Amino acid sequence: MTTTQARTEPDHAHGTEPSADAPAAPAAAGHHGPHGYSAQKDAHLKRLRRIEGQIRGLQRMVDEDVYCIDVLTQVSAGTKALQSFALSLLEEHLRHCVAAAAEEGGAELDAKVAEATAAIARLLRS
Amino acid sequence: MTTTQARTEPDHAHGTEPSADAPAAPAAAGHHGPHGYSAQKDAHLKRLRRIEGQIRGLQRMVDEDVYCIDVLTQVSAGTKALQSFALSLLEEHLRHCVAAAAEEGGAELDAKVAEATAAIARLLRS
Amino acid sequence: MTTTQARTEPDHAHGTEPSADAPAAPAAAGHHGPHGYSAQKDAHLKRLRRIEGQIRGLQRMVDEDVYCIDVLTQVSAGTKALQSFALSLLEEHLRHCVAAAAEEGGAELDAKVAEATAAIARLLRS
Amino acid sequence: MTTTQARTEPDHAHGTEPSADAPAAPAAAGHHGPHGYSAQKDAHLKRLRRIEGQIRGLQRMVDEDVYCIDVLTQVSAGTKALQSFALSLLEEHLRHCVAAAAEEGGAELDAKVAEATAAIARLLRS
């Protein structure tokens, strides 16, 4: 559906200049600065690698003819892990992008909120 | 679980006066001014009354021994309608409360975003 | 969406007389004999009335401007109750209709299983 | 969709000795006989490998800082693919295991149906 355009959100500051963005922003580091975002990114990648391991585990189970109910239990665990990854992405998105749009207000905010809501709707329906 | 404390969100203006809503809007505007929110509220109530009708329809179906697969189809429709109601509430919440919190920034924003994320997680798990 | 054709499942006896329920039981016991099914039906109706009460509770909450996150929590509870009702219907369906079809085997079983799977898919997507 | 083998995986055996497993197994065919199940198994493995590819795609997206909404869209696609895999497993399970239990009837059927329903409940909640 969407592609790999890296950085599609260049205008909605992820706090390169925190002072302008966030009245009280204490620590400064941007959302993908050397600290904050990188740490998040590592956490995301770690999570995804664990999910990849779960999917490979499922392949082994199918390959070894494990009882289908047990396979289904693992599928539920994988789905839950994916949803949980989605929630952490979403939380980050609300905190940074939606909040940044709020400062611009008006149409910009409406667009970001509509976009986030549509993403949540897709998660709910999947 | 939750109770009926009306107006738990007094500080996060809901935009009766968009101009005042801007960056610094610290003041006043109620959560359902004469325009915006009232219209929304009527729409919400209308939606909920339709869902109530769907639930009563389900009772009739069970009472008349309708084939269970057909009852299940109606249950899915009711669930979908509830989820869709939830999404419209959530969109409103992001647009108003989260955006207002963004203006205060810091801890206030973090708290609102965490709260919204937890609500989305509950929807995903239900 | 679906309609009210009561008794679409006339051939798949619902066990008032388990012995007669066996392979050939074509006619026999109705889908809600004096015991088994009636009790189930009362339980279903009771559950649905409780859900109807939850939906009315939601209307009150919206009407009293309860904080949206609290309304969302109640929506999740309502959705969960509907899903749980669906699961109990489904369990009954598998136990009676799918099992009866299993005795006929072949195309009849395939059709019932495909139908049940489609119903589960709708629940998952709602 | 699925075919053949009567009596798959009777007592959660993962099919080591089908004949010992299934007292009444009419046709004998094992749970992964040379035809039916193998084909299914290949289809399952192929599906899972595609899902594994989706998860790796997600890692790339995160690594390249793709806009979070686009990542979320891909998460939804992955979740949907997992659910769809689960549904095909479940359909197979109902057609084979639940149907086989139906022939034994009574407690055996009740146990299988309760087990399948619990698996469906886990899918719904994940």
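When the chains are written out, they are named A, B, C and D in that same order, and each has its own residue count from 1.
Following the convention adopted for this analysis, a residue touches a chain if its C-beta (ideal position, glycine included) is under 8 Å from a C-beta of that chain, and two chains touch if they have at least 3 such contacts.
Bear in mind the structure is a predicted one, so any value in this text is a computation, not a measurement.
Enquirer: Copies chain A and chain D touch; is their interface built from the same residue numbers (over half shared) or different ones?
Expert: At the contact between chain A and chain D, which are copies of one sequence, the residues are largely the same (over half shared).
Enquirer: Any idea whether B-C or C-D has more C-beta pairs in contact?
Expert: B-C
Enquirer: Roughly how far is chain C from chain D, centre to centre by C-alpha average, rounded to an integer in Å?
Expert: One centre to the other, that is 23 Å.
Enquirer: Based only on mean CA positions, could you tell me how far chain B sits from chain C in angstrom?
Expert: Centre separation, chain B to chain C: 28 Å.
Enquirer: When you check chain B against every other chain, which residues touch at least two of them?
Expert: In chain B, the residues touching two or more other chains are 83, 90, 116, 123, 125-126.
Enquirer: Would you pull the chain C residues touching chain B in the complex into a rising list?
Expert: 1-9, 31-32, 41, 44-45, 48-49, 51-52, 55-56, 58-80, 82-83, 85-86, 89-90, 92-93, 97, 115-116, 119, 122-123, 125-126
Enquirer: Inside the complex, what are the residues of chain D that reach chain C?
Expert: 1, 83, 87, 90-91, 94-95, 98-103, 105, 109-110, 113-114, 116-117, 120-121, 123-124
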